[in-house]
Amino acid sequence: MKLTLEEPRILVDSVNVVSELVNDVIFKIDKNQIKLVAMDPANVAMVHFTLLSSAFTAYQVDKPVSIAINLDAFKTILRRVKPSDVLTIELDEEKHRLRLQLKSEATRTFNLALIDMEDKEHKIPELTFPVKIETLSYRFDEAVQDMDVVSESVALVAMKDTFCVEAESNLNDARTELHADEETIIKSPGKEPIKAKYSIEYLKKILKGAKLSNKMTLQFNKDYPLKVDYLVKDKVQLTFILAPRVAND
Amino acid sequence: MKLTLEEPRILVDSVNVVSELVNDVIFKIDKNQIKLVAMDPANVAMVHFTLLSSAFTAYQVDKPVSIAINLDAFKTILRRVKPSDVLTIELDEEKHRLRLQLKSEATRTFNLALIDMEDKEHKIPELTFPVKIETLSYRFDEAVQDMDVVSESVALVAMKDTFCVEAESNLNDARTELHADEETIIKSPGKEPIKAKYSIEYLKKILKGAKLSNKMTLQFNKDYPLKVDYLVKDKVQLTFILAPRVAND
Amino acid sequence: MKLTLEEPRILVDSVNVVSELVNDVIFKIDKNQIKLVAMDPANVAMVHFTLLSSAFTAYQVDKPVSIAINLDAFKTILRRVKPSDVLTIELDEEKHRLRLQLKSEATRTFNLALIDMEDKEHKIPELTFPVKIETLSYRFDEAVQDMDVVSESVALVAMKDTFCVEAESNLNDARTELHADEETIIKSPGKEPIKAKYSIEYLKKILKGAKLSNKMTLQFNKDYPLKVDYLVKDKVQLTFILAPRVAND
């Protein structure tokens, strides 16, 4: 296996986001893609990450492999990557480690020990969503930060042509309204508002995905999981599924 | 009551400065202005803040009102204001709260609960000052920071055409001299130096006023209170009165 | 004694670097230079600093003097120096203190108490080095930071035309290769690799010298001290000697 990335930023940013939720992970690498499906330790959020072979300048995978990595250790190395570096990743099966080579003026090599980890297959749940919002990442990010002033959970409310983000505490409350426009597409049945509540703490972790793409998609239903997608065409698909907070949370 | 600010920065900066000294305050709002007079909990400094109706694009006040606010809670909301936001403030008397609406791409509404607080009228003392210094805010700010290296109190000394800021500790001492020039006007009787000492901790809080105006006025007398003024023409008047440190402080 | 610096930055940066290793120091000032030789408290690194009279716009020293200074106290004053300040240093022998005057728009004076300190003469050891590397400061700095990811000590390895910086821990390892080019000159006997290990903690302190010069020189031998030089022509010579880590460190 030998993979070369001329824009290593995309891997660095992806690993940073994923590591907000999970630490020890298994990457599955086959001839089409690198894939990761993981659940956060509290079982509240699932992350599904795909880095397509087309994101690489050279992508050679002879047989599918699964490699278990500690993301904290991986990140300390990735933090050393400069934008001008060409990153080559090789698997040293014998020594059970990943070799990362960074090439610019100097040639720098890091060998990262793989970890041992049981492969719990996480099945991605089949969900159907009546509501779908496409918007600019920073708009939803700001709305969640607004609510953070008031509470630790947020209600998403979809109406026809309007998407609201709301929060309330004993004393204060807050509300952001986004209206359908060129940058925001709101698909909602619209007869009556569809509302669900989610943890702000988790949303803030998920919203780090904005580093990858300035657009995002939100899908949800009444008291139902939220699905968040960031897409970098022909390169990355990053999806989160977040459990709702119910009634007396 | 309905007030609209197209440049909300002026309110945000003012509240940030005032909150350096006091936390729970009463704003008095009438058809000409929003006013606040408060004393810091240690009774060392008084702040007198006026935001004129002419600072607003719309200013509608039917009858004078007094509203008590916790500035920490107010600041967490004001921190969410973007420069491009148009801020509208309304009083919801029934629910005993202030409604803040921020309008740009999105419409964002925050409701802030008012607090209950006894209205101790603070009388602004009548003071007369033989010394008056007008200078650039950053010049005096730097002088105070210089003295902070050496001591926790500072002596202001006015002579004819020269204004000195001095400090000394057991071992070290420091002194900054400002001379009258185009940017610094020094009015002092000048026969002999007039000197008074003040707390650096308090001066540093007061000097946050430099965010509002790049000019400031200092007035003092021998072992007498210091009066500091920041003025934004037709918009804001921010005045501080700081008690002196005497002999064996 | 009266010394004037129009670019005080060079003194500020030098003191910042030296203070990484030592706190109480003796500066020896004669008609040619200001000199300091000191050993860090753990006896692992020696620093040898010379600021030449030619760095000053005015340099008047009547007789050689030794002055003992606490660098932390000195730094709190130097932190107040602005790039536009002209710095004048005078010795007030009677009051046993150093007078620092900063002149720009304002005239600012700081008096720093000298300390009492025994003058242990540190002899600079005579060392001979088969290996000499000249390179850009940031290149070696980055290599050391790379190794910091993996271990707390680093091995320097000189071969013909190649200079390697290596580190390894139980699990992971890292290696940076620098090749001779226009900016990197490698002088090494080259028959077989010459290798020595040094503390990363100390190297990081020494490498703050990059603030002074974008070029540096490294000299070492097998399991032998490392000599690091930063040179600002006609102004500053800053040299460090760092003890090696041996076998079972």
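In order of appearance the chains are A, B and C, and numbering begins at 1 in each one.
The criterion applied here is as follows: a contact is a pair of C-beta atoms (placed from the backbone, for glycine too) under 8 Å apart; a residue touches a chain by one contact, two chains touch by 3 or more.
Remember, it's a predicted structure, so these values are computed and weren't measured experimentally.
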Looking at subunit A with subunit C, do both copies bring the same residues to the contact (over half shared) or different ones?
different
How big is the rotation, 0 to 180°, that puts the C-alpha atoms of subunit B on those of subunit C, in steps of 5?
120
So how far apart, in whole Å, are subunit A and subunit C when each is placed at the average of its C-alpha atoms?
45
Residues of subunit C touching 2+ other chains?
none
Where on subunit A is subunit B touching in the complex?
139, 142-143, 145-146, 149-150, 171-179, 181
Subunit C residues within the subunit B interface of the complex:
73, 76-77, 79-80, 97, 105-113
